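The following block contains the structure, expressed as structure tokens.
Chains: A, B, C and D, in written order; residue numbering restarts at 1 for each.
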């Protein structure tokens, strides 16, 4: 029982954090937004391969780093903190371990080296962000993971509130698979934590900068207490997400529900702190807020996960109460 | 005390309903924050005016029907029931118009009210400044008297409708020695004045609903002063007063949204989490509370009472009710909540737009934090800081 | 359409308010609490009769004032504001109009003159406060109102958290009657509004008096905003209660639910503002808070009324939306 | 990172479970705020001590088992699982004991720790004063040095357990010239000292859970000073520190309450409003979040990290979770919520008592308003007022 990262694990997470913060800046995102041909903006994909991020949880025999999935969850939070626009987490955190389980060695090696992009599909929605950049799709069908070539599916574009999410409906989504959905849910929850954290940081910066009535607005208790509430919710969401990354079961669904509620609260609070400025493109908040709204519904929305939790927690044989900690 | 509409009121309602049913466009107009949408909304205002439905509470001499506020609530209910277009002229007819009736000279009434009512002149607000948002007394834009003209310099922000409108009204500092609430004047400015630059603000939804206004020695005749020079704060407060503010947020708007929410709920009920049903009931229940409270307040106003700090509780209640209602819709839509278009998008993203709009409710017209301060200090009597 | 009291109606409410505030003081309540023989404390019942409160809504031919029920609701709020310990509202507001409808002239006259106490019984709970002081009970049974002599029922004492509520279970409670339950619900909601208002007043007084960190605690935004929230909820509960007193239907249930939620919030906020002092007998808050907790469950608890609202609002033929205001 | 209990931990859990199952009284003891209940709770402390379960994290030399904090969490889970009595000695064993180990002289350790562990001396807190509640640095009670004694005068309030306890510990101003955090000292005082009057405070539930202490020239030897003279603030902060504060609110307490809530829900499900189910899920879910967060924090502490402002988020979370959970129980009980006894009363009013107790959570040990200030200023870096 040791619910913290080892120092080696923490180092990997910090390194990813440093890379994201240095490269995937707000300016980089603005460039993507403003460019009519976003492909002009250099992709970070080769860097991900070089840094070993794509093979983070892959077996050593495939030149992977063989890290625990919980490290991937830690990195997903850092990706959320910068609202990463490339499907690193989905590919490295979902496709790679499932490919390893499938023993699809050839594809796995190509994905890890950055030469192939295999995007996982959520059977619940069939909606995939960046689907246009994928070479293949990983779907769950009839209880098995299956690879589908891009040429075998039709992609129908959708318009998300988040312009940095090029969203498509995939014609063959399958009916889902626990190995895919579970990882998707956990990493999505972790990403949402990072987005929430960033929305607090942006709000704190704004509240220190902005003056009204001759004072920094961040000196008013009303502002302080709202941000302290969001901070508290984040601090009590991250551990259940990490637990979910370590141990399956009902905490996976709890992690997702908590991260949705926290992200919605973070966005509402952030825009309240920003006032009218939060509505402008000048201020960066909108990029994180829109991503949060979009991701809340990915990998099963709140209704989906609450409905599952309900059957688990209200079951007659549910393990509840002291003395049953983490024993489900 | 009674809650029964009179025969006259029922007859009025029927008249409104009939006219709207015959005249409301069959399809929703494009956003009024696009040129095309703005023009279509202006055309709708002209149609309303032609039918004598432009502003029913205005006196007959100015093109209204002299209706009571209770009648106005009925009009609004029918208006929202018919899903009629947003009022592109709302800054003028709801806020500036009544102020001109109270403070304007006869010439100003003659000059401004009719084109305003007719939709020929659409007005924008010019209150906030980059350094004066919630704290409006921090206004720095100045208007310097030069003979028969004011020379205006400075910057305004969050000017709604300004991108496509004809005129704006706002507060400017006419006494350079003054500070805070003193020395401000309310001045009317044509948006095509030389020296005035209108810069659209790209918003969350991409449309330019607001603009920044840059005044570089913009000249307007002193006749464009509304009310006393250096007495603009009082004039502005009258504009911001409850009776008029109310007109922008009659219960009808929320009744319409809550009824749509009930429908959305029913369409999705079988896949929703168990708590949603009570959230939907809460939304409808709060709407009924807001409706009852508004009819009670309007009865007080119609009977001659004046309303002041009640406006703060009102602002807090409707804005947080509206946000909660739209948040519930977002939760119901779940994985489809993010969609503006495409397979699965619900009502072309109308709830999503509504949610973003609802988040502004607790911010604009005095943040809810400020409203809570006002309630605590002026109504409950708690000490100032 | 005129949702305000006439000046005559308002005068009656103000008069009752003045009487309650002058006579039913905190000291009076403390005397009741501390006295081992509370019957030593003089009852205000004769005053109620003299002031015409008992016959407020009774027909003129029974020497009543023939006032609208909405005036009774206004007076119930004033009674709540002092946490009235005698069953005035129940008898004058429920039993009297039902007796008039029953044409039980003899009993009605005796009740109005203050010589007879007929307490209404809620069929849902069978719990009656002050049942020991009743001469008869008014119950709903088989769709009819019925009077039951005290000697024909058994009273079993219960212990409420509110020591000023001498609570009993009545052996024959009947199965309820709309004419009784509706009035009970509305007046209870109104009483709760009065209690909520008083809890705010007590908190404001305390917050002006109490200093911490060299300042009145009421000058802190955190305190101000909490109390402003409760005030807002009260201001948007009173009108729906008044509407319910004027027009039957679903607003009756909405009034009750809103008054419960407001009272629970008022109590939680009041004790948070009072800090540890809220836990003491020295400070008066506890008398109002306990009464609020007790009354939340009377005349149908929150579950009961929400369940009814649900069927009404989600019915396929429910009148919802603009253009249907108050038309249900 | 893992969430698997080791074999040793499982074995420890089994040992605790077996002992408690053989020793926990079959019926709930009367309230420890009555003389009878206090005596029975003291007897239980003696029994725990005899079984060497009094304070498992204390070093063996002082009668403990030298367990890690993770082991302590396991102990607590089994303790609440067995529904064992409240710890009447908690002020001593959780708060004062560890402080004596850190700051006490050898004589003080010898004199105080053993009777404390054995339940022979029960301790009360004496922190707050009528003018110094949340603002503890406003303490005015003074201790004047007179030869080998301190002479203490002043008043303390909210002294838990003081009505029946043996000793109290608190902060007193030893430097009369000092202000705020300076010049305070931590001093231990027998409650039967001449000049010391203990006045019970009648509480909401009627029981005297707290007392006021009136010090009228109470004399104690200077040996009763704990830590440096005039350095009491630092000593007190150590006492209030997270690692110890945690011990009073391990997840077990909330796991037990949330599991009872699920049961209460199931017993009443068919008459409840539709929103209750999700409130119950929220209660259990928040408990799991609190549990995961606590195990993570404890892992940090066991690995040598120190915890400071995290304690504020912790305090806010558990206290508001606890209040919400009990509020839900009140709503479920509905018309029976008010009953302490009689037909319809549920668990003899245990939820009602729990609700009243939970309302104190956001108040004591630094109100949640203060915790939010701490978080905003020290963790988020927002400016002080």
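Just so we're on the same page, contacts are C-beta pairs under 8 Å (C-beta built on N, C-alpha and C of every residue); 3 or more make two chains touch, one makes a residue touch a chain.
Chain by chain, the UniProt names read as follows: B, D = Acyl-CoA dehydrogenase.
What you see is a predicted model, and the numbers here were worked out from it, not measured in a lab.
Visitor: By the contact definition above, name the pair with the higher C-beta contact count: C-D or B-C.
Guide: Contact tally favours B-C.
Visitor: Taking mean CA positions as centres, which chain lies farthest from subunit B (Acyl-CoA dehydrogenase)?
Guide: Farthest by centroid: D.
Visitor: Roughly how far is subunit A from subunit B (Acyl-CoA dehydrogenase), going centre to centre by Cα mean, in whole Å?
Guide: Roughly 38 Å separates the two chain centres.
Visitor: With centres defined as the mean C-alpha position, give me the subunit B (Acyl-CoA dehydrogenase)-subunit D (Acyl-CoA dehydrogenase) separation in Å.
Guide: Here subunit B (Acyl-CoA dehydrogenase) and subunit D (Acyl-CoA dehydrogenase) have centroids separated by 53 Å.
Visitor: Show the residues in subunit A shared as contacts by 2 or more other chains, in ascending order.
Guide: Residues 220-223, 225, 306, 310 of subunit A each touch two or more of the other chains.
Visitor: Please list all residues of subunit B (Acyl-CoA dehydrogenase) that touch 2 or more other chains.
Guide: Residue numbers touching two or more other chains: 273-275, 277-278, 369, 372.
Visitor: Within the complex, which stretch of subunit A touches subunit D (Acyl-CoA dehydrogenase)?
Guide: 1-6, 9, 68, 70, 200, 204, 207-208, 216, 218-221, 223-225, 227-229, 231-232, 235-240, 242-243, 245-247, 250-251, 254, 257-258, 306, 309-310, 313-314, 318, 320-326
Visitor: Taking the touch rule as given, give the residues of subunit B (Acyl-CoA dehydrogenase) at its contact with subunit C in the complex, in rising order.
Guide: Those in contact with subunit C are residues 1-6, 9, 13, 17, 70, 73, 76-81, 251-252, 255-256, 258-259, 262, 265-266, 277-278, 280-281, 284-286, 288-293, 295-296, 299-300, 303, 310, 312-313, 316-317, 369, 371-373, 375-377, 379-385.
Visitor: Applying the document's contact rule, which stretches of subunit C touch subunit A when the two form their complex?
Guide: Of all residues in subunit C, those touching subunit A are 220-222, 225.
Visitor: Along subunit C, where are the residues that touch subunit D (Acyl-CoA dehydrogenase) in the complex?
Guide: Against subunit D (Acyl-CoA dehydrogenase), the touching part of subunit C is residues 124-125, 127, 156-162, 165, 167, 169, 211-213, 220, 222-223, 264, 268, 271-272, 275-276, 278-281, 286, 289-290, 293-294, 296-298, 300-304, 306-307, 310.
Visitor: Touching subunit A in the complex: which residues of subunit B (Acyl-CoA dehydrogenase)?
Guide: Interface residues on subunit B (Acyl-CoA dehydrogenase), with respect to subunit A: 128, 131, 133-135, 138, 157-158, 201-204, 210, 271-276, 323, 327, 330-345, 349, 352, 359-360, 362-364, 367-369, 372.
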